[in-house]
Structures are given as C-alpha cells and as structure tokens.
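The two complexes that follow have subunit A in common; it is paired with subunit B in the first and with subunit C in the second.
Moving on, here comes the complex of A and B:
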C-alpha cells in the first residue's frame, strides 16, 4: 500500500511538472484554457465525490462556488491576506455553507434534494444585489497580482499573468485530486460507498448515515468553494453572473460525462467542457460566423452529449465499456 | 477494484492526450506567425467590439455594432484603409462584466484583434481593463461616458468618446437651473459606476432632488421593480423626472408611468444613454405618448435630422449596407465611432502598429471629422472625447428638435471636474466627401 502511494505521488508530481513545463510552449489562449480545465476539474470532482461516492445529488454547486468566490475576494480585499489564504478562506466558507445545507440535505434524497439545491443555485448569487459590500451586478474585482519573481525568473521569458493563473490552478487541481483519491481510500470513502450502496445495510453495520452524508456534503462544498475562488481569480472579478444556473448544470454535466463514479474522469469532463465552445466556434465560423450560433451551440452540444451519455453509458463511457467486456 | 483502476488509467491517458492535442494545435500558429503587428495583415485589419446582443440591455445597443460594420463595409468597398479591409469581430457580452471579460479574452487571444473599438458599458470595460492594459491593446471610443476612462495613467490604451456622465449630470443640472427653476425633481439612476459618476456631477453643480431612486442593472426587466420606482416618484411629489440609465430602463419607467395614469403629469428629462426613441418604441410602445415633450441630452445630431450632413450621409450608407435596420441613434453611434476609427487607422500610417495608432490619436485625434457637435479632447495627457451636450425635445414620433427650435443647437460644454457649465455655439469639421476620410 505504502509503495503504491509513493509511486502515485511520483506520478502526480510528474504530471504537475509536465503541465507546468508545457505552459512555456503553448500560446496564451491555451494556457488560459488549461487553467479553466483545472478549475473545472476541481468543481467536477467535488460533484463526483458527492454524487458518485456518497449518493447525494446537488444541482446547486454553483451557489457554493459563489460562496467560495465571494469569501476569497472579500478576505483578499478587506483583510489583505495572501491569495492562497484567501482561497483557503473561500473553501472554508463554502464548507460552512455546505455543512448547513448538508444538514438539510441529509434529511432529503432524490428529487427533493435536487430541488432544494437547485433553489439555492437560483437564489443565492442574486443576494449580491441586495448588499452593497458584494458589489451588485457589477461585481468585485479580484487581482492576485503577478507571479512571484523567484518563479518568473526561473522559467525565463515572458511570464504572463494567465500563466501564473494556470500554475496556481493546476497545482490546486492536482492537490484536490490527490486529496480526494486518498480520502476515498480511507475509512470515510468506504463509509460513503457503503451508504450509497445500501443505506439500510450501512446503518445496520453501525454507520451513522446522517453524519456520513453531512460530512460528504461539507467536503464537497469546500472543494466547490475552492473552485469558485479560482474561477474568480481567472475572471478577475466575482459577480452574480459568474455563478449562473448554467454553471451548476455544466459541472453536473461534466461529472456525468466523466462517469460520475470515476474521479480521474473529472479531467475528461473538464476538457470536454472547455473544448466544446472551441469546437463550436470553429463550426460557427465555418458556417458564416454568426455570433448567435457560436453563443448557443455549446449549450446544445453539451445537452445532447448529456442525454446520450445517460442513455447509452449511464456510468460514464469508460466504465460502461469495461463492464460489457466482463460480461 | 481492479476494473476501477484500469478505468482510471485509461481516463488519465485520454485526458493527457486531449490536453496535449489542445496544446499542440496552438503551436503552428505561434511558430509561423508573421512579423507584423497582431491583427494586421497586408490585406486586413481586425478590430473587435463587445456589446449586449442578448439580455435586458440588448434592445437598441444590439444595433450599434451592425451600424459600425455597415460603415466599415462601405469603406472596404471604397478601397479600405491604405489598401487593407477592416474586419469587425462582434461579441455578445449580454451587458455582463463577467461575459465581457470572457469574450474580450477571446477577442484578444483567439481572434487576435489589432484593437478594440466601441466596447460598451462602464462596468464591462472596467472588468476587462486589467487584461487590456497588460496586453497593450488599444481600446478606442468606449461606448460609455464614465469619466474615469479619460484617465491616461489608469487606462493608458483607452480612448473615451462620449462626454462623461459627470459632464452630462453637470449639463443637466445647469439646464434645470437655467430653464426649469423651482421644479421638484426625482432622479432615477443605475446603481453602478455609471450612475454614481452622475451623482457626483449633480452634487458638483448643486442640483437637489426630491427623491433619488437607484436601480440594479438588469432589474428594469422586472415589473415589480418598475412599479416601486413609480410609487417612489409619486410619493415624492416630483413634477420632473431625470432618468440616468440605459434606454431599456427609460422605456420601463415611461411604460410604468403610463400604466399608472401619469401621462402628461411629469416632465421627463432623459440622459443621453437612455433616450433612444426607436428603442423605447420597440420596448414599450405604450410609453410613446409620454415621450412626447420629454427632453433629452445629446451630443450627436438627432438621427432624424436629415438636414445634417453627417446624418444624411450615414443614412445613405445605412440604407445600402445595413439593410432592414431603421436609422436611429444606435446606428449613428456605431457609424460615428467607425468613422473615427478609420481616421485613426489612416493616421497610424501604411504599416500600422498599436503604438502608432495611439500616438496618432494623441497628436491628430482632436482634428478628426465626426458627427459630434462638441470638440474632441484627445491628447497625450487626457483621453477625454467630446465635452458637451445640447438639449432637445422629443416628439411622439421619436424625432428630436433643439429646445430653442429646429436647427438651433445650443451646446452646454463643461469638464469632468470643477469647471463651470458654459453655453456655446457649434464648430464641427465638415463631413469628408462621400463620408470617406482622406486625412
């Protein structure tokens, strides 16, 4: 066990270094998209943890991302904490929100839970319009600054701010996957799977189902909060429009595309989400460059993919294939 | 478990392959990119604009980019700029700063535009400022009157065109004191930098209001919100209402007042941003009777004034290159910015660079021909555009006539600080022959 752990740590480190190195060789647009992918990876894996492993559904993770984003920006702006601390505060704030929501969630299941979280996704971001400190529709700006000199100098060349965002997001994403991967192999992970598999059996074997569910919700929310804070960093501001219902649905879609019980699949889901608009842009340009087509096509394609996935590969493309082969 | 593991590995491989593919697809573009300035080839110049094409603020504003494009197409058909055709990439930001940021990202990184032109909205331009500054992309003639954008230190590549909201508020304040003394005035304003800029202007000239009603951008689409505005206006006992918001908000306010039976009971004064009659007609047709007699501040000629040489020429171009679009203030704004952009590009020389473009604007910009009545103020030390307004009365059909009578444009000029409001006459460069600049 220990041996495989250090091996996988090495693999993670290698992936990280490869990605960071890659950022020197690609165009700034790709660097930015890479950072977007990393943020989606975190958001999607928070859903995978919640839905795939603890069996709870949330359509409101956009709201938890909003809590994380706003908390990070507010603490960065008013308390002048370093940005990594601000991200931590964002994650903790979202965890707190998730804990409270999780208490309610533990009593609900299926469509009721989906409905409750959905309501949150609809309502919460617009709170920003009610309180002046949250900046209204215009939002609050968030600038974590440039990369520290010792990093920028080492890599040489033009170390743009987007590259710095990419580095930060990639490190956070890898750390997140590492954390979840280990968590799922721990007692908590086994407990969650037991509860998801058969709640009655789990309860009979002494698992406190409610507590287990609330814990999963809290951890998942913390990750969503981190993703929200990173999203705010990428956008350079937080505003209600950053955390729309579409975002909540998008990350759920990403999780489903990935195979909702497949943590590594979060990367596939994230890449797909970022590549689709890229692809539709190309198609729209080909068709005559209508802005209306390229603005709406990604939504259509994502929805179609979601439906196809649910019909043909409800457990995600890869897992499904493997199961068939085993039959 | 075993199944699970190999699944994971498979997914990782796929993901990494995908990332690598995405990355590699960018390589050739970088490796073989020509030496010339971003967005400029030997035959084309690429410009970008962000505007709301969808959402609550879209009506009206969605015509601006197509007016601009029509003008560029006209210029392209007449030889372009130094042999280069202008391509305009239009992006929808739904009037959301967040979307503005993301589409501006695309314009600069993906479409690789030479410059931005006419990007719309105060908050939206604010949201993209950091990135635009970092990349040194010229941002010409922002479609907003936020006074801050004239600040060269904070926005080194940004050029304001519209007189600032600060100036406008001062001019409206001056007009109220001059022509409507002793009235009880209510103020409806958009609660962001746009409206707040105006509040400072009103404070500067000492205008007092019976009630000040802020509204969140976008909330004008909600009838209950509009109902509350009307209730507050009535409760304040105001007989005059100043609207400092976007046109969809003026339309909502006029429509709401009409529904509440206030037709003929209030004198409306609309800021230049929110006074486009065609948009009001489209959004709230029932409000048109209320519009009759409303006073609006403008810096461009009335779009219905065909006697004006600029309007006449632009109307002809519109009929030919922007088929099906009614010529209104939005089209005029788009074409006017387009015409200034063409002059700026010409002034940047045969091999334009971003630096040359901005240097040309700083040194020659104030002499450019444009439809605006007030002089342009661009220089090395300030990027302020026009500095004044005239006031006109709107008729039920949406046409606007100067308050002192047809053709009698009286300009109220001022600045974005403590300067007084001055009444002045108009001096404007003549329209270049056929609307094609030769500078």
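Moving on, here comes the complex of A and C:
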C-alpha cells in the first residue's frame, strides 16, 4: 500500500515536470490553452467529487467560482497578500459559501438541488453590480505579475507571463487531483460512496448522511473557488460576465463528458471543452460562416455531446464499457 | 395607493410566473423530471411567433402559432429524447440526475440554435396594446391594457387546463398515468403517449408565457432564463406537483417581488428568487399545496 502511494507520487511528479518542460516547446497560444485546461480540470474534478462520489448535483458552481475569484482578487488588492495566499483565501471563501449552500443542499434531492443551485448561479454574479467595492459590470483587474526571478533565471530564455500562468495552473491542478485521489481513498471517500450507493444502509451503519453530504459540498466548493481564482488570473480580471450561467453549465458538461465517476476523465473533459471552440472556429472560418454561426457552434456541439452522452453512456464512456464486459 | 399599485404590478408578473410554474409542474407530475429546457422551448416558440408576426404584422395571429409550436416542440422533446433516456438510464449512479443533465443539454442546444438563426441581438416582439396605465380619476395606475391581457390570458389558460384535467377522459388518463403508471398501463392507457400529451400541454403553457411576457421586454436567446428560475421557485412554493399550487405560488412570488422592488430596491431582485427559494425549502419544504412525500432523500 505504502509502496504504491510513493509510486503514484513519483508518477505525479513526473507528469508535472513533463508538462512544465513542455511549456518551453510550444507557442504562446498553446501555453495559454494549457493553462485553461488545467483550470477546467480543477473545476470539473470538483463536480466529479460532488456528483460522481457524493451523488449531489450543482448547477451553481459558476457562482462558487465567482466567490473564489472575487475573494482572491479583493484580498490581493487590498491586503497585498502573496498571490498563493490570495488563492487560498479564494478557496476558503468559496468553501464557506459552499458550506452554507450545502446545509440547504443536504436536505434536497436531485431536481430540487439542481433548481436551487441554478437560482444561485443566476442571482449571485449580478450582486457585483450592487456593491461599489466589487467594481460593477467592469469588474476588478487582477495581475499577479511576472514569475519570480529565481524560476525565470533557472529555466533560461524569456519566461513570459502566460508561461507563468501555465506553471501555476498546472501545479494547482496536479495538487488538486492528488488531493482528491487521496481523499476518495480515505474514510471520507468511502463514506460518500456508501451514502451514494445506499443511503439507508449507510445510515444504519452509523454514517451521518447530512454531515457527509455537507462535507462533500464544502470540499467541492473550495476546489471550485480555487478554479475561480485561477480563472481570474488567466483573464486578468473578475467581472460578472466571467461567471455566467454558461460557465456553470460548461463545467457540468465537462464532468458528464468525462464520466462523472472517473477522476482521470476530468482531463479528457477539460481538453474537450478547450478544443471544441478551437475546432469549431476552424470549421466556421473554413466554411466562411457568419459570426452568428461561429459564436454558437461550440455551444451547439457541446450540448449535442452532452445529450448523447447522457442517453448512451450515462455513467461515462469508460465505466459503461466495463459494465458491458462484465455482462 | 402605493400599496395597491404594487399589488397590481405583482399580479401581472405573477401571472407569467404562474404559467411557467404550470409548465414545470405538468412535466414534473407526468415524468418526475424538472424540465430546465422549458425556458429554451418557450424561447423557440416565441421566435416562431416573432416570425409569424413579421409576415402577418398581427400579434394576435402569431400567438396561436407560438402555442402550437410550443406544444409540438415539447412533444418532440419527450418522444425523442426523454423517452429513450428513460429506457436507457434507469440504473447507475447518475440515473437520478440524468434527466436534469439531458434537459440542460437541450437548453444549451436550443439557445445555440436560436443564436445561430436569429443572432444574439435584442429583437422586438411587440403587441399592439398600450403599455400605458389606465387612469382612474386623476390617478394613473401601473396597470395597462397589456397587463390586463397578460392576467386574463394566463387565467384563461389555467382555466382550460383545470377543465381538461377535471372533466375530460384525457385529463383522467393524464392523472392516472402520473399517479400509477404501471396500473394505468394495465388498465389500457398508453402511458408513453399520454405523457407526451402532458409534455405538449406544458409546452403550450410555456409558449403562452413567452408570448405574453416578451412584449414587455425584448427577445433574445436567453431572455427567458430569469423566468425559468422564477417559474421554478413558484412551482416549489406551490409544492411542485399541484397545479393550483403552481398558480398560487406564481402569484405570491410576483407580488412578493413587486413589494421587494418597491420597498427595498431594485438591487436585490436577482438574488431575491434564491433567498425566497431557500426560505421556502427550510420552512415548508413541501410547499403550500404539495403532497407529503417530497424532496428529502431518506
């Protein structure tokens, strides 16, 4: 057991070093997209943790990401904390929001929870217009600056800000997956699976169902908050427009495409989310389509994929295959 | 006087929420699915009405087309997507949320489709009615002919639905199919088909809501998102499986919003839906007229 743990730690380190090394050999745009993928990986795995393992659904994770983003930016701007601390504050703030929401969520089942979180996703970002400190529709700018000298010097060459974003995002994403992976193997992970599998049996064996659900919601929200802070870093600002209902739907889509019970799938889901707009742009330019078409084609394709996935492989492509093999 | 004015404003927006809630409740009762795509279906049927109006230049002619279109879209959605979904994903860890995800996907699909066809610009779908309030004596009340048509139209639709459910064989079959699908099937009701009819009714209600509310604002691929949320909150207030509850919930919510707007300010309207929803779920989770078995898992 111990051995396999250190082995997987080594694998994680190897992946990390490989990705960071890779950033030297691809152009700026790809580096930026790599950072986007890393942010999506965090957001999607927060949904996978919540939906796949604890059996709750959230259409409001975009709002929790907004909490994380705003908290990070505000603490960075007004308290002048280092940006990593600001990210942590963002995650904690979202966790607090998620804890309160989770208290309500634990009492709700499927569609009620979906509707409640949907109402949050619609309502919360518009709050930014009401408080002067949140910067209204324009939002607040966020600039974590260039990479520290000692990193930039060591790698040599020009160390652009996008590359620095990429490094930060990738390290956070790997740390997140590492954290969730271990959490799911711990007592909490087993508890969540028991509650999802059979709530009555879980309650009879002494599990406090409500508490377990609230905990899952809180942890998931913290990760969403981290993703929100990273997204703010990539965009260079936080604004209501960055955390729309579409964002909430997008990450749920990513999680479903990944197969909601498959943590490794979060990478697949994230890549799909970033690749689709790229792909449709190419198609639209090739066909010489109008702006109407190219703006809406990504949404169309992801929606169709989402519907097809949920009809034909509701438990994710991978798990579905395995089940067939067993039969 | 201010109090009465606010009440009137609330009633007219509440009538729209009630229609949307009605659409959600009709689907929930027959298939245990909250149809988040309802906003999309309603927007599509409203665009249809818009197209008809740009040809005929008559608002009143466009409404029946929008209603029929809304019913057809809903029937199509149920027969093609929801039915195959129900057949395939009744097991597995995500079976409970699969319909939610499917309707979300559908919402996204319709939004992008309408965006592709009509663009994301704000279109005007106007009614010939004046939106200027009636004047009683020297006082102008904030209740226009447009508002009057909204309220009367919404009440009319609700009345028709109530009559169908109460007095016709079709209504009996609808009630039976949602109450006990297995036994209804044994009694010779084609449950699948009846469910599709239920969806079509819901689609029609949503279409009426879209066609009535759009003249007061504008038409764009996501201009009905907020209405979806309000409709959902209204449905939950009413208990989610009661038609009368949905109507009462919609009116209550409309009046509540109007008072919040009047006495607290515009700044809280968006968040108010969420706060009201949370309050209802904590204080009276089964709504004012809902049945006892409800939203708790265990």
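Structure notes:
The rule is simple: the second predicted complex is superposed on the first by the 326 of 327 C-alpha atoms of A that agree within 3 Å, B and C clash if a C-alpha of one lies under 4 Å from a C-alpha of the other, contacts with A are read in each partner's own complex, and residues count from 1 in each chain.
Convention: contacts are C-beta pairs under 8 Å (C-beta built on N, C-alpha and C of every residue); 3 or more make two chains touch, one makes a residue touch a chain.
If you're wondering where the values come from, they're calculated on a predicted model, not measured in any experiment.
In the model built by aligning both structures on subunit A, subunit B fits alongside subunit C without clashing.
Contact with subunit C, but none with subunit B, is seen for A:302 once the two complexes are overlaid on the shared chain.
Once the two complexes are laid over each other on the shared chain, residue contacts for A:15 go to subunit B alone; subunit C is not touched. By the touch criterion stated above, A:119 is placed in contact with subunit C alone, subunit B being left untouched. When both complexes are overlaid on chain A, the residue A:264 reaches subunit B alone and has no touch with subunit C. By the touch criterion defined above, A:253 reaches subunit C but does not reach subunit B.
When the two complexes are overlaid on their common chain A, residue A:141 makes contact with subunit B while staying clear of subunit C. Once the two complexes are laid on top of each other via chain A, the angle at subunit A between subunit B and subunit C, using C-alpha centres, comes to 70°, given in steps of 10.
In the superposition on chain A, A:223 makes contact with neither subunit B nor subunit C.
Shared-chain residue A:110: touches subunit C; no touch with subunit B. For the pair subunit B and subunit C, the least inter-chain C-alpha distance in the overlaid model is 5 Å. Under the contact criterion defined above, the residues of subunit A that touch both subunit B in one complex and subunit C in the other are 129, 292, 295. The part of subunit B that touches subunit A in the complex is made up of residues 3-4, 6-12, 14-16, 18-20, 22-23, 25-27, 29-30, 53-54, 90-92, 94, 96-99, 101-102, 105-106, 109-110, 123, 126-127, 130-131, 134, 191-193, 216-219.
Residues of subunit A touching subunit B in their complex: 15, 19, 22, 25-30, 32-34, 37, 129, 136-139, 141, 143, 160-161, 235-237, 239, 241-242, 258-259, 262-265, 267-268, 271, 275, 278, 281, 291-292, 295, 318-319, 322-323, 326. Those residues of subunit A that touch subunit C in the complex are listed here as 51-52, 55, 57, 59, 104, 107-112, 114-116, 118-120, 122-124, 126-127, 129-130, 196-197, 199-200, 203, 209, 245, 249, 252-253, 256, 260-261, 292-293, 295-300, 302-304, 306-307, 310-312, 314-315.
Interface of subunit C with subunit A (complex): residues 28, 33-34, 36, 81, 84-85, 88-89, 92-102, 104-109, 111-113, 115-117, 119-120, 222, 225-226, 228-229, 232-233, 236, 267-268, 270-274, 277-278, 281-282, 285, 295-298.
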